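Next up, some structures in structure tokens.
After this come two complexes, each holding chain A, first together with chain B and then together with chain C.
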Partner chain A sequence: MRDVACVGAGMTIFSRRLKETGKEMCFEAVRMALDEAGLELKDIDTVVCGSAPDAFDGIHMKGENLLDGCGGAKKTYMRVFTGGGTGVLAPIAGWWHVASGVSDVCMVICEEKMSSCFPHPQSAFGHIWDPILERPIQPNLVWIFAMEMNRYMHVHNIKKEDIALVSVKNKGNALDHPSAQLAAKITVDDVLNSEVMAWPVQRLDISPPSDGAAALIFAAGDKVGPITDNPVWVEGVGWCIDSTMWTNRDLYFPQYVAKAAKMAYKMAGIHNPFKEIDVAEPYDPFDYKELHHMEGLLLCKKGEAANLTREGVTQRDGDLPTCPSGGLLGVGNPIAATMGVKAGEIYWQLAGKAGKRQVPDARTGVCQAWGDLMQYGSVMVMRS
Partner chain B sequence: MTRVGIVGVGYTDFRSVTPEVSWKEIMYKAASRAYHDAGIDPRRDVDSFITCAEDYWEGFSIFDEFTPDQMGAVLRPMITTCGDGIYGLANAFMQIKTGLMDIVAVEAHSKISDLITYKDVVLFAFDPVYNRPLGGHPYYVAGLEMRKYLGESGTTEEGCAHVVVKNKKNAMRNPLAGHEGDLTVDQVMQSQPMFEPLKKLDIAPLSDGAVVLILASEEKVKELTDTPVWIKGIGWASDTCWLEQREWSRAVYAELASQNAYKMAKIAYPKKEIDFAEVDDKFSYKELQHVEAARLCPPQSAGRLVSEGYFDQNGAFPVNVSGGSLGCGNLIEASGLQRTLEVALQLRGEAGTRQLDCETGLALSWRGVPTASGACIVLGV
Partner chain C sequence: MEKYPGEALSSKKMKEVTHEKWNPRVKYAWSCGEAMSRFLNELKKGKLIGRKCHSCGKIYFPPAMFCKFCFKPTDEWVYLPDTGKVMTYSISYLDMHANRIEEPILVGVIDIDGASENMGIMHYFGEMSPDDLTFGMKVKAVWKPEGERTGSVTDIKYFKPLEGSE
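Our next item is the complex of A and B:
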């Protein structure tokens, strides 16, 4: 396989952007990524689009609609889709476009526009359930995450106070992110006193719906030279799907993330993730998910992630900085476009371009996304 | 780098309605047949799974959730490609080329009979600001495009009618087909006007069905089969999505996609180096546009050639011997896989009474109204 490096990234502001179309946000992210890499559209030979449910935008074949905003017109263009997992799966697809020898320079764009879904994007999630077994009881996404959070807390005897620390950390980290939607200096008490959504999930445990786009550019090893002196190499990729029947699994541990992580670590030659990974971006749409996913990513033993957080290990100046971007909790959660705070953030950190968010001496990083019905894990390991 | 070949095919038949089975069941049927054909166990041997689907066709918000169990893909790498089946093959091809995967299963299906609002769903693919508010049946775009193509190329409506007659006749010899017929050009010409100049019989009727193909690296291909079918080249491309700005007389996406596939396959003279083709014919004129775009005949000549029998099963260059979408039915995102299946069966010598004498074949897909996106694959033995 060919070596593949990330050579540029772009990311729009994450917020409610009702007046802009998805195409316009894609265009903005593409322009930023091209500018950072010093490239023009003509230098790009393949384009990959990632976007989550069409129901948000209310556009069928959303990938086709977005293609000119993505710079895909008259080009080799396709869309991949694995629910929330798209944010890291789409860059993985960009990797295989280049690693296979099919493409020299591939651009990956992830877009999400949730605000056009009326009255709330949650209504689009009414159609993600099994039509016979689940839809008739009209479940809500927050409910099933509450079940998962409950199960996780119960199995490991984890306190809500410790989970709330994740929200405090990530929203605080987001203060340094120029695209952030919900950056804030908050306390554990703020989280514990916020509105109860579905116990134990409270308002400040959840990331906000958002609109935005992000773009990454991947180039083949032998094409990197003229583009940048500072490439970030894709060293490992992994992805994995679990059964549709989420009711039949023990939700306390994301086995599908562990499988994806093992695949990526094997490829990257990583034997002890906690020691060898300098910076991590686990998917954090809820605060407990960061802990859940740190365990899935094998960055600590099962049930230990909360301890690491309490001890400050996951702070930017800790031994294992986690979500230094501010994550989804602080920067926002435009489903697929969270590529910008996951794969994008790891690229910026390893390239030394993360500005005020910069983690010292970061050489190896891992990012992860999670999606579908609590069943999808996608993992990418990068090195500078 | 390793070559990539097809080692297994599995499929259901293609029918207008299939009320007795769910989409999961047709996926399961096609997948288990493909695994059997390849002589593999998905839970042990298949490294990666790919399905090709769009949420709105399926009636789900995140269809990817519902793909693994019936494919045997639980706790394995699997993705959804929002595209025609040949896009799925492209992803499988690339995954194998990286060396990361040895065996990849690609699935596409249509359970379009479940959809009672087909026209409205297609309309949801139109630009929500400029085009969707115009309403109407979305196929008017195909009518306009056909008018432009006929005008620019000098092709006649009778030429298009010949495509219908040929493909429905070819489908007579395809046991999987659901819309075969022994028609005359006059019958097609006299069928109900729909979106002028499109007539009822120019339009491929919708069908249900599923196809699964198993792709493998060179080493595994040699291990698994004595009748390998190799992927010589693959390409996919899009013209702009704006109806107002795209080229209407030519299928630019098909030109680009086939160019890419020919480049990879090192094909300089497609007409001479390829023996037969399966190209998208969701509308009769599309077949003519597509064979011209893929340089399988000179520009603006396809309408005349089809009338002369050039593209017949026993003609100089057989096109859509399977019956195409006009004969088998429009299988939505599975259309491209159905075409690739036919090419693979022909190259294996398993096409029964449709069998051609061939070594290299091409399949070309189009994603349908209102897209200008398509993919092309060249297979050989």
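Our next item is the complex of A and C:
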């Protein structure tokens, strides 16, 4: 396998609605990444597009619809889609294009435009359920996350106050992100007093639907020299999916994330993740998910993530800065395009380009995404 | 970079700018397959049925025609009681379209008695207040009257507290 480095990144603002079409959003993010890397489209030989359910757009060939904006025409092109997991699976797909020798320079572009589906994109999620067992119950996606959160809280006896600290931290961190949709200085009481959506999930426990796009460029080791003297290397990747029958497993621990993390750490030669990781971007569509995923990423023992958060370990100046971007909770949740605050943020952090969000002396970082029906984990370890 | 690309729109402004609308007109009919067809027909009779794998001994509920662990066909139909315990739950003020509702929906995962561990289904709870709902609580199915059953998971109206349990 060839060495692979990330050499450029770009992203649009994240917003409930954007004026731009999906294609235009892709163009903006790709153009920004090309400019950062000092490249032109002719320097890119393969393109990977990541985008989640077609039902948001009502366009059931979304990869093709977005193609020209992705810069993929007349190139080796594919779309990947694992729901929310796409945000880190798409860059993994970029990695495998280059590591395999198929490609020298690969553009990964992730897009989501959730606002096309109205009045609320939640109605599109109605089409993801099993038609026989689940649809007749008329579920809302928030229900099952609420059930997972409740199970997690119950098994480890974790308080809502401690989980709320994640939302306070991430929305605060997002104040320093130029793309942020929901950056705010809030308190634990604000979270606990916010509207109950589906207990135990309240309004400020949850990330918003968003429009947005993000791009990353991956280059083969021997092609990096002329592009940058500040590459960020992809050192480990892992991905794993559990059964779609989510009612047939205990939701308190994401085993599939742990399996994906072990795969990535083994490749990166990481033996003690808590000590060796300088900065982490676990997937945080809900505040409890950051804790759940820190445990899945083996950054702490089961049930301990809330303690680390309470002790300030996960703050930007703590021992394990977690979601320094502001995450999905603060920057926004355009499903696949969250790549910009996961793999994109780790790239910017390790390249020393994170501006006001910069974590000092970050050399090794991990990012993770989560998706499909609470079953998919994708993990990438990077080093500068 | 000073300003990241993209221009945000409010919902009001969205209505003012040029846009196209489309109402998809498609309908679907799903084949239920062997396991789900038997499962739904048994629900119509007021019964729960699972499926046993002789290789690993697991009893699947809902039933499946193959064991996803052994990756072999399952072997035997097994009737199960209409009782179980609450694995997890939520008290929801959102309906499926994210509309706010006054009376919360009580919903959760019920592990069915007699099936293997962690073999449950999502369903509603009833005849209880939100405060009554607890982890591990014993519950029993409340069925629609026989004449109203259609062969659907909604032939069970909801699960209620099992009488005589704590």
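Just so we're on the same page, the second predicted complex is superposed on the first by the 383 of 384 C-alpha atoms of A that agree within 3 Å, B and C clash if a C-alpha of one lies under 4 Å from a C-alpha of the other, contacts with A are read in each partner's own complex, and residues count from 1 in each chain.
One rule holds in what follows: a contact is a pair of C-beta atoms (placed from the backbone, for glycine too) under 8 Å apart; a residue touches a chain by one contact, two chains touch by 3 or more.
Quick caveat: nothing in here was measured; it's all calculated off a predicted structure.
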When the two structures are superposed on chain A, do chain B and chain C clash or fit side by side? fit
Thinking of the overlay built on chain A, is A:Ala29 touched by chain B (first), by chain C (second), by both, or by neither? second
After the superposition on A, what does A:Ile128 contact: first (chain B), second (chain C), both or neither? first
One more residue to check, A:Asp68. First (chain B), second (chain C), both or neither? first
Would you sort A:Ser100 into first (chain B), second (chain C), both or neither based on which partner it touches? first
Of the partners chain B and chain C, which touch A:Arg79 in the superposed model: first, second, both, neither? first
Could you tell me if A:Ser243 is touching chain B, chain C, both of them or neither one (first, second, both, neither)? both
A:Met197 in the overlay: touching chain B, chain C, both, or neither? Say first, second, both or neither. second
By the touch definition at the top of the document, which applies to A:Leu175: first (chain B), second (chain C), both, or neither? neither
Which superposed partner A:Leu41 touches (first chain B, second chain C, both, neither): neither
Determine the nearest approach in Å between the Cα atoms of chain B and those of chain C after overlaying the two structures. 5
Footprint overlap on chain A, where chain B in one structure and chain C in the other make contact: 58, 126, 131, 243
Seen from chain B, its contact residues with chain A in the complex are 1, 54-56, 59-62, 64-69, 73-83, 87, 90-91, 93-100, 121-122, 124-125, 127-129, 235-242, 252, 256, 260, 264, 367, 370-371, 373
Chain A to chain B touching residues, read off their complex: 1, 21, 52-55, 58-65, 67-68, 72-83, 89, 93, 96-97, 99-102, 124-128, 130-131, 237-245, 255-256, 259-260, 263, 267, 371-373, 375-376
Contact set on chain C toward chain A in their complex: 1, 3-11, 14, 17, 22, 24, 28, 30, 32, 36, 40, 62, 68, 87-98, 104-105, 107-109, 118-124, 130, 135, 152-154
Give every residue of chain A touching chain C within the complex, in rising order. 11-13, 15-20, 25, 28-29, 31-32, 58, 115, 119-120, 122-123, 126, 131-134, 136-140, 142-144, 146-148, 150-151, 154, 178-179, 195-201, 211-212, 243, 247-251
